[in-house]
Amino acid sequence: MKVVFIGDIVGQVGRDTVKRLLPWLKDRYQPHIVIANGENAAGGRGINAAITRELFAAGVQGITMGNHTWDNREIFEFIDDEARMVRPANLPPGTPGRGYTIIKSGSRELAIVNLIGRTFLPPSDCPFRKADEIVDELRRKTKCILVDFHAEATSEKIAMGWHLDGRASVVLGTHTHVQTNDDRILPEGTAYVTDTGMTGPRDGVLGMERESVLRKFITGMPARFQVAETKWHLNGLFVDIDETTGKAVSVRTIRVDEDSWIPA
Amino acid sequence: MKVVFIGDIVGQVGRDTVKRLLPWLKDRYQPHIVIANGENAAGGRGINAAITRELFAAGVQGITMGNHTWDNREIFEFIDDEARMVRPANLPPGTPGRGYTIIKSGSRELAIVNLIGRTFLPPSDCPFRKADEIVDELRRKTKCILVDFHAEATSEKIAMGWHLDGRASVVLGTHTHVQTNDDRILPEGTAYVTDTGMTGPRDGVLGMERESVLRKFITGMPARFQVAETKWHLNGLFVDIDETTGKAVSVRTIRVDEDSWIPA
Amino acid sequence: MKVVFIGDIVGQVGRDTVKRLLPWLKDRYQPHIVIANGENAAGGRGINAAITRELFAAGVQGITMGNHTWDNREIFEFIDDEARMVRPANLPPGTPGRGYTIIKSGSRELAIVNLIGRTFLPPSDCPFRKADEIVDELRRKTKCILVDFHAEATSEKIAMGWHLDGRASVVLGTHTHVQTNDDRILPEGTAYVTDTGMTGPRDGVLGMERESVLRKFITGMPARFQVAETKWHLNGLFVDIDETTGKAVSVRTIRVDEDSWIPA
Amino acid sequence: MKVVFIGDIVGQVGRDTVKRLLPWLKDRYQPHIVIANGENAAGGRGINAAITRELFAAGVQGITMGNHTWDNREIFEFIDDEARMVRPANLPPGTPGRGYTIIKSGSRELAIVNLIGRTFLPPSDCPFRKADEIVDELRRKTKCILVDFHAEATSEKIAMGWHLDGRASVVLGTHTHVQTNDDRILPEGTAYVTDTGMTGPRDGVLGMERESVLRKFITGMPARFQVAETKWHLNGLFVDIDETTGKAVSVRTIRVDEDSWIPA
């Protein structure tokens, strides 16, 4: 099964980029399933119902989230009913929404799991123990499992890759908004990358206007960040999974920007 | 001027990798100057006199450091006298060593600057103001300036890239030990990458044994990490700088591992 | 010179408490000067012009701030002109307002200095070096110096007490909103307390509604905290300074609440 | 039931202080049970078998720990067998030792629980949910329950007080080593104080030599802290619990130092 994952979609620039490039991505990678991280889709802060529909309409089939899940309060109205969206699974019992789900596409099935890290991030339940619990349960139902580990520290993300090697088909990181150049298949068959990078404005800071972020770093004064209006880039991951074993057979980062992209 | 930068060298595996690959790197990239980050060169923790000599003998011409600068106390004996080594410049006045220096290679000169970030790291002086101060001074002496910004957060590193765009020839990040796939030349001519990645054991966690790191994440119990003994990888950056302007004309990440490398 | 310092005033409950108790405080402690921390005076978040006037009218003669200085954006309109208000002095050059000032009361003068810590708080310039700089300058003008060190960690605050022992008349802490029971005079004559505590609602969490704070800790979900509406308490510090030497001769915490207070 | 709790005992100065003052504490407070926090008893870092015996021999009947539990590796040899010692209960399943226990003294029983906070501290399981679980279980066995919440942030500690109000007899904080002046009985009968303070050297920084701590803050250079050799102070809490209801009937901080103490 071929899977395309699109990294953190930031604001309208990010959504427009997804819509513009999905035909090209489908042509080039022939994915059976397209998953995207949507935690910054609504103006950089969370997601809402209309944007969720917009992304599904564009061809995204499953959405993962992260620390910005609740930024847009509209999500509380629909997350419990949206079976194609996952928020971090290691939030406390009783948290709205779900932490894992199975995405169907034709006869194919891909389980997607969202976990959040604890290093340099607010407290949450242990992502490693939660990963054990969920992956063990999912493996009784399906072989193909994609884990989006939304975390800050490279050490925690790499550790999760090793932790799930041979048990998940893919462990990919999101949250830092910068793609890492360490895509590989681990010894037991799990495709891994520390961060898939973001999708949206290329010339800001993590997708936000660079002037205000820079001013904040230098002056320390409070600032409200807006999504930057610059050229776009799209970052993500392509993985090919052997459906009989659930192991990855190939993995490759996807990195395209407005200057480098040549429409077919 | 062609420059090769080698990312955080971890332990003996890292040093052996540097020695093994430098001839190949020189053949392939034809660098006029080779710089390396050495903060983890001595068993993952700091550097000492013998290892410093070993790296210079191998062909490294300048060494940058980071948050692990002082891990090996032997450094206090020689850092004040070693003009080819820089530690973060934004440490308090009176700190041993220097924060920037000029590396000479034949008739060529490359200024190297080391700065450390403050997000998710211990307090230090403002790296942005210190960068202004140093870069303005250096530009009166030389056009070619390489800044190693040793920092954790992608936002802070990207902000530094924009901050120095057009004033430094290269702003590259170190510290996360994972190479990022965002090498580019910014609009005003500064080559930029968020992290160059590390050099040393490939199958650990940031170069350390993965079993103990994973156990630490899961159990929270104290652990002493050792450098992993696995296959190696080398990560770094190649930059070509126009010496008449100090602007970068090309930049490319270097990523090689024991399985992919084919000796000439 | 007798000084009363009133700890972080939180919201209207806090302001009403100050107005209710100031006559009693003046009667009981006979202060020559009254200083208060006002960083939470406006609904828990910053301060504004009307509240500043309200506090001065009530008898407060100098106001210190903290990490919440800029929460209410109205402050930018008047802080540069308000010579009786100090914000942390170790913010970057160019920050609005001032970090120290001299408060006059009749023929008496008390210099007040505001500094902010760096442990568990956002980056700022070194408070210890900044303290040296300011205190050395102030001592050429006046002997009586009060330092409000707004910081989280007990270690950093105690270290500041020792750092300034014999050079400041008083080093008192604010920010944690809980009074500490360690008021003393250090060997060289500086009155010290790690935290003066807060003034405002007694039965919340740091002055905010306890239900929402508790829910936030348990669920991790975003929450907007409101000032609690409960009985009040007032916490602060009384110090008596020998004006010929600038040394403290006595220090005592002030702790009063709605149940324990018996109006004269 | 009258209980004396002795705050974090630091090094030999702390242990000697306990031994010197216990007869006086017993005379003055007539406690039925004496509990102490021992996480810094061995040179500031953890505890060992001999020191554990020493404290029990001196009259301490139960020992709580904290983030320094594992600093002295000798603890692994005896913690599983020592039923009178508790380490934070909200560490992962499989952690050596126990998180709560029942201390017997004559015909009386006091359950003691140790929890650790997550704000400004390493990740752990949710202390609030763990508190629910343990306190609910304990209440089926005994009415008198003392919770030592070892945490940094005042907000988290106060929130725990409210969380357990009416369910625990005492919620006291440790870890900051500075006693807070907010001892009270909450509306539903739980005695509460944010921090009991420490026991050991009075004129250091949290019990460690002040020169090296201050140098660390100013220079940022690595330092190894030693227990200070200064006059002593002892900080703790006295609580009287109604054994028929498990509610506290009185609470008072204990603060004594070498200069103020007058032996009987």
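Going by the order they are written in, the chains are A, B, C and D; count residues from 1 in each one.
In this section, a contact is a pair of C-beta atoms (placed from the backbone, for glycine too) under 8 Å apart; a residue touches a chain by one contact, two chains touch by 3 or more.
By chain, UniProt protein names: A, B, C, D = TIGR00282 family metallophosphoesterase.
Keep in mind that what you see is a predicted model, and the values were worked out from it rather than measured.
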Chain B against chain A, contact positions shared by both copies (same if over half, else different): same
Which of the two pairs, C-D or B-D, is linked by more C-beta contacts? C-D
What is the distance in Å between the mean C-alpha positions of chain B and chain D? 45
When the centre of a chain is set as the mean of its C-alpha atoms, what distance in Å lies between chain C and chain D? 29
Going by residue number, chain C touches two or more other chains at 92, 123, 126, 129, 218
Should the pattern of chain-chain touching be classed as line, ring, star, complete or other? complete
Spell out the residues on chain C that touch chain B in their complex, using ranges where they run on. 92, 118-119, 123, 125-126, 129
Can you check the complex and tell me which residues of chain C touch chain A? 70-71, 91-92, 94-95, 122-124, 218-222
Enumerate the contact residues on chain C facing chain D in the complex. 120, 126, 128-129, 152-156, 158-159, 162-163, 176-182, 187, 194-195, 197, 203, 205-206, 210, 213-214, 217-218, 235, 253, 255
